[in-house]
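The following pair of complexes shares a single chain, chain A, combined with chain B in the former and chain C in the latter.
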Partner chain A sequence: MYRLVGFTGTPALILKLLLVGIVDFVGGFAIVSALDVGSTIIAGVLLVILLFINWVYLFKSPTPFKFLAPGIVFLLVFVLVPIVYTVAMSGFNFRTGNEISKEQAIEQIQIVSLSEDAEGTAFDMAIGKDATGDYALLLKNQINGEVLLATLQGVTVLAEGTYEVDELGIPSSTEGFTRLTNKELNQLGDEIVNLRFPYIDESFVSPLFDGLAILLTQDLIYNPDNDTFVSKSTGAVYADNGNGNYANTQKKKDVLYPGWRNVNFPQNFTGLMFDPELRGPFIRVLIWTVAFAFLSVLTTFSLGLALAIAMDKPIRGRRIYRSILILPYAIPGFLSLLIWRGMFNQDFGIINRILVDIGLIETNIAWFEQAWTARLMIILVNLWLGFPYMYLISSGALQAIPSDLKEAAAIDGASSFQSFRMITLPLLLQILFPLLIASFAFNFNNFNMIYLLTGGGPRDELAGERAGATDILISYAYNTAISNPADQNFGLASAISLFMFIIVGILSLWSLRRTKALEEF
Partner chain B sequence: MSSLRANLWRHALAWVLIAFTFFPIYVVVVSSIDITGSLATNSFLPPAIGWDNYTLLFTNEDIPFTTWVKNSLILASASAVGSVLIGAAAAFAFSRLRFKGRRVGIQTLLLIQVFPSFLALAAIYVIMGEIYKVFPAFGLGSVGGLLLIYLGGAMGVNAWLLKGFIDSIPLELDESARIDGATPSQVYWLIFFPLAAPVLAVVGLLSFIGTFNEFVLASLFLTDIESRTVAVGLQQFVGNQFAQNWGPFTAGSIIASVPLVIIFLSLQKYIVGGLTAGSVKG
Partner chain C sequence: MFNAKGRLVAVATAGALILSGYVAAFAPATAANKKIIVWTDEQRGPVMRTLLVGKTPVKGYTIEIKSYSNLDALNAAWNSATAATGPDLIISNAGLAASGGKSGKLAPLTLPSSVKNQFSKSAWAALSFKGKVYGVPLDVDTTAMFWNTKLFGKKSPKTFGAMVDYYTKNKASKGLTAGFCAQEGTWGSHPVFTALGGGAWAYKKNGEGDPTKTVFNSAAFKANITKYLLGTDGKSNGFFKIGGDCINDWKAGKIPFLNTGGWNVDGINASGVKYKIGSVPGVKKGTFGSPWAGYQGAFVTSYAKNHGVAAAANQFAVNFMANATTQAQLSTFGNRPPANLLAAKKVKNPVLAGIATAGSRGVLQLSALLDANAGGSNWYDLTGDVFNKILVEGAAVGATLDAAAAKLLQNFAAGAANL
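Let's turn to the complex of A and B:
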């Protein structure tokens, strides 16, 4: 009947080796470049993936792995890792200003606390090397004309006559100093500007660029022994405050920036529940999220079911009705949402215009600027987008209900409404239960609906509000983590996301268990 | 006549909903040919009709509409092909191979797929930002990175969808091949794949539509005007309250949605079948 040709023997083996070889080559290259920029985590993950792929396809691994490996890799890296990472981030103070590691933060604070000395001392500079081959600078103070030799060990003042100057008047040579040639200067990398040539009083000379150096002093001195910073100018002591920052031991609010990512579990969660500044918006958003998801299902299902019942008889034109009425489901959702947004526009939107024309309102409604009109609008637009789906699934379910049940009810003298309420509806709800729960979960996370229609607004931006009147949890998390690059709070956003995971997870588990989907295999 | 009267409420409801359905569609069509470029039509037809909005999309250099369409097509095709390959292989394993951990595997998949990847968008943002530092082509801001994220969700959704179809392919076919000495990969590529090709095409098209319509992650990733998809590009047209380019926007919407609507309507049977497959078992 059929013959098994191809994909056997040598050609198949060569093809397999070729494919794995390409993956190994690209992957190996990627690991090297990851190590190059010092990203050991990415390199490690890549290595594990590569080993896994090689084991699966080149060694005697169980057959199912050969089919599941690609999916598993993508699922683990791009679905499971973000979920786990979300859980981890929610336990951290991880936000703008607290994004780096503690070591990096200490380094940054020291750099940030550098300041030029009060006089603004600057030097003409020649770059060279000292007798030991380390970099050294020959400097001429631009203010008082003093000439100095700066090495990494310290500075020495040179007396008149112990050095020579070039045609520009810059000191160019002295004993134990070899000036770099132009060629060497050109090859000079960035390392020179990071060098510190100690000067008096913990200040140091810092080369700026060819020919110029300035005097910098460090105000905050780090003491690794007791992990504190001390300010030279004020004498204040800054200690680790346990929340990712060095804070003034006398004045808790006076903290040094940048801070670092610091474990602060469970502060992101307790903040959402007890901190009045966060709790108010969070509870409001949570209530609206649930209300929105519930009302979405209720309105779209009611309308869809009514339509399905109306179309349950072979009336004339049913096929055409059906094709037209599922259009909102077929049109790309993001386009529909943007169009509705334009139609609701206060000034030029067609909806206000029609309402004024038919005399229902006197002046244009500012749909987007009041909480309740914005919410009403969302429910209405969602109804347009969602009823065709509910119509499709309801009419499918209606056909699955045995008609003899209804006939029996009719014989027993039930009115058609009674038969609907007592027989059809309960059966229908039972059949559609998992889909209604899925629809609830979908709307619970319906980011597009909110983001594209109202952007979560109205919100008082001047008061710094992050949560708008129509924000749902997912858009609130987005506002918190991403939308404002100057103020991103990943830790808090992850805590909000965890609430979504839990709610969606419970709903799905409930639905899966009820339908026994998990026990089917 | 009497049947029409008895069914009057059915027709009435249908017509009311048709009016509701057509309302925005009508507005879009009219706006796209209204050369004044507004979304406010006073009369039934705009005073000045023309194709200016359409030609603008292809001639105005500030609006790289064709690039967006190209990006969307590439992204959606790549994601469709990748998803189908990943999903089909996984579905085959779960449907045809008997192995330890299969049950647990399916259950885990079923549970994970209820969390769409954008739920973890803060984490994705941070992780892809890190990846960007190493591989700019696959990090935040890149089409490649976006594709990887889309493929991450491929196994859960598609394997699930495909398993139902595969279960309906008669088991005898591959069993007799096994008896003839075929290895599982031969059964997969030579018997299963050709048999399932029509179904795979449908699933591929569904995935294509899904990616084409995806907005959340695309807008997070594709900030560069040249790398945007249609969804992100068109949103930028009108998303900003000071950028109300409704004329070209509506024209672009029609161009972008007509092919998708046609695909959707022709796949209607499968889509509805897929929708209710999980439920009717009750």
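Let's turn to the complex of A and C:
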């Protein structure tokens, strides 16, 4: 008997078919949409997922799959695919100006090299067909009023009286020309802009849209045999430079845009290692990232543990204190960050006001403008956001330490501090070490904190710094990839992300092994 | 589990549903061919919708306006746009021409002389990348000085020094928090820079910009910053405030002078402050600072071709968006002077006319040069850092401006290749 979420028998079967059908429907829609825009890889992945789901739920697949399938699909889509894509992109010259495919770039360069004549000659236009059934244009030059019949063979000047005009004064018919009907025009769609009618001196008339044509010349001619562009006006030859652009063979810096996404492995990685412009900021950011993650764990753990020890003793109102202590954990992090951002405002922030009022400072501190104050601010704010978590796990761990150990130490004459240092702390660290490593890895990638609080700044623009003083690797990768539309570099950002992945991966692996070792302990 | 018959039914059902998915996917794709999708920001979106009521700019096509909450959101969406998700036309600032032209995301426009002649050459230059036009100019993004007439009086300040004097004398008695608010950040600070003898690039005798030279470290600029903006401690005298929502203090009557654009006029009027509009005066009587004159443009994307609506999108941009009537109507909504010269002549609104007059002293905001960051950072970030160093940290004016000038020249040299 079939069973499904409280249903049995035929209703369960119908419900199952309905659910799988909905998935198939959505999947089919997505596959077709992906194919429609030429994303064959995405369509392929979706098809595999769809077949997998159908196999799992409609055929005799192993029972565990029926429970694991949704998780496997989400893991594939949201974890594995982005990782594979990032790894792949780190080997590409993928930046502003090098984003599309080579075929698209060739097509675009040809379009870009179309030029209007010096006078900007344009024609009022009627589209039709000539006696042979080929497309033809009946044109009226907007500048000199000349009326022309343009066919694929060339243009003919029409004498007055040999053509008729419509109510707008635009020529509409002549002998051997049959104007397209509105329905035919609508069906023509974008084909209209691909029509070219030879004019004089290698120029041609091309419709811009219904009713208007323009005189154009093509400067760059593509030769597919040797994969080069030749400029008719200068004679310059542009060949594939191996880095995603056509470059002038005589003048390497003269490149044509757009370029295309080109494999350039391992340039993004070697750039990070050896290019002084990239290496300097990268190493500086890497050092700060490690320092930030380490200090964040150290400060939050220290405060959390201190509070846990304090709350471990029976005091009046302990429950209320405990509730208050986990409040920062209960408030959405981004909200807290924005509030802290306001509190640290140089002119209006309460932090400066308090510091001035109690006489610690005389003039307001520009927290966001100086590197070390900004870093201090980040550590302080992260302490606020992170200590409740450490307090909670430390409290739990303290409960797990047998009290007889401390009692034995007390009998042996150990002081409270000695008992804490020699017994409580080592045992706590053994229990909490994997969680501290996980916290380190989390802070290593704590994008929200940096982005919402300082945006990675301050940055010494005058020194030409490419990374801010509080940028960590993830925010640096973001700034490299996204923030400046005029100079985005997705390939380099992917390479930086890969470094982060390796570092966090090693830490996680170490943590897992450590956990296993503890289990054996 | 199913028996053989059950499996057959299941497979048939799944197949039918996949097929229906295919049909469902295909049907809207066909319908979309008759739609021109326009992306814009939260200010122009509603304006465009109003403008299109009862109109059919392209026969047989509907215009779908998608507006984003602000320009940053629009740019973010544009950055991640693909052929599947991207628009057919995008309305954004002129800076898009360089990045969009370089990446191939924008389609170049071919234009008849009848359309070209309706705009200034500088408008077309602002929307070009490597000599190709990528957008139709819509309106001029510029700023003007608004002064609180209750504080300073109705007569305009004749010199920059007069504004500083007013601030110094009335700071304590009137509770002024600053003298001059450049609300639009370093972009909106340009009239102050130029009023004091600074600016981005130098100009040739024929009036053409010369990006091989900069006046950002001119002797006059150095001297005037020291004289008008610094106190005896070598740090800011409190007169000049860049950004940070200082407009709120202006609205509260705590700052007498404000430099901003027409987009803030509604908020200014709502504050009840009585004001007049003019240009930022220079250090000598009869001279004035120059705001940036940037352009907003309507850009046809290369995605329009993927969607099969390239011709229609071109027609919409060239025939409708560039049209003088359209632009005259657009300008009344956003208080931005129209780029179309015929439309500009029709402007009657006194606030808009005041902004247009101040803007007429503006200099062309060439994004290709200003956005370039070969020296490490672009014009806007670099000048912000310079003034932070000078006004807040008390850095030496001469050395700081000289270092900045060297960076700017690096940027300009790199950016000039894209003009």
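The working rule: the second predicted complex is superposed on the first by the 431 of 521 C-alpha atoms of A that agree within 3 Å, B and C clash if a C-alpha of one lies under 4 Å from a C-alpha of the other, contacts with A are read in each partner's own complex, and residues count from 1 in each chain.
We adopt the following convention: a contact is a pair of C-beta atoms (placed from the backbone, for glycine too) under 8 Å apart; a residue touches a chain by one contact, two chains touch by 3 or more.
These numbers come from a predicted model, not from an experiment.
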item	value
Touched partner set for A:Y321, first chain B, second chain C, both or neither	first
First (chain B), second (chain C), both or neither touched by A:S302	neither
Chain B versus chain C as contact partner of A:S39, first or second or both or neither	both
Chain B versus chain C as contact partner of A:T156, first or second or both or neither	neither
Contacts of A:Q218 with chain B and chain C, given as first, second, both or neither	neither
First, second, both or neither for A:I482, with chain B first and chain C second	both
Chain B versus chain C as contact partner of A:A397, first or second or both or neither	first
Partner chain(s) touched by A:I192 [first = chain B, second = chain C, both, neither]	second
First, second, both or neither for A:V504, with chain B first and chain C second	first
Chain touching more of chain A, residue-wise (chain B, chain C)	B
Chain C-contacting residues of chain A that also contact chain B	30, 33-34, 37, 39, 482
Chain B to chain A touching residues, read off their complex	4, 7, 9-11, 13-14, 17-18, 20-22, 24-25, 27-28, 38-42, 85-87, 89-90, 92-93, 97, 99, 102-103, 105-107, 109-112, 114-127, 130-131, 133-135, 148-149, 151-156, 159, 177, 180, 182, 184-186, 188-191, 212-213, 215-216, 220, 231, 234-235, 238-239, 244, 246, 249-250, 253, 256-257, 260-261, 264-265, 268, 272, 275-276, 278-282
In the complex with chain C, residue positions of chain A that touch it	13, 17, 20-22, 24-34, 36-39, 50, 54, 58-60, 96-100, 104-105, 108, 111-112, 114, 116, 119-122, 142-143, 186, 189-190, 192-193, 206-210, 212, 214, 216, 257-258, 347, 366, 369, 459-466, 482, 484-488
Chain B contact footprint on chain A (complex, rising order)	2, 4-8, 30, 33-34, 37, 39, 41-42, 62-64, 66-68, 70-72, 74-75, 77-83, 85-86, 89, 303, 306-307, 310-311, 313, 315-317, 321, 323-336, 338-343, 345, 348-350, 353, 384, 387, 389, 392-393, 396-397, 400, 430-435, 441, 445, 447-448, 451-452, 474, 477-478, 480-482, 490, 493-494, 497, 500-501, 504-505, 508-509, 512, 515, 517-518, 521
List of chain C residues in touch with chain A within their complex	1-2, 6-7, 9-11, 13-14, 17-22, 24-26, 29, 33, 58-60, 75-76, 78-79, 82-84, 95-96, 98-99, 101-105, 107-108, 110-114, 116, 129-130, 132, 244, 302, 305-306, 308-312, 314-315, 318-319, 367, 371-373, 375-378, 381-382, 384-386, 388-389, 392-393, 400, 403-404, 407
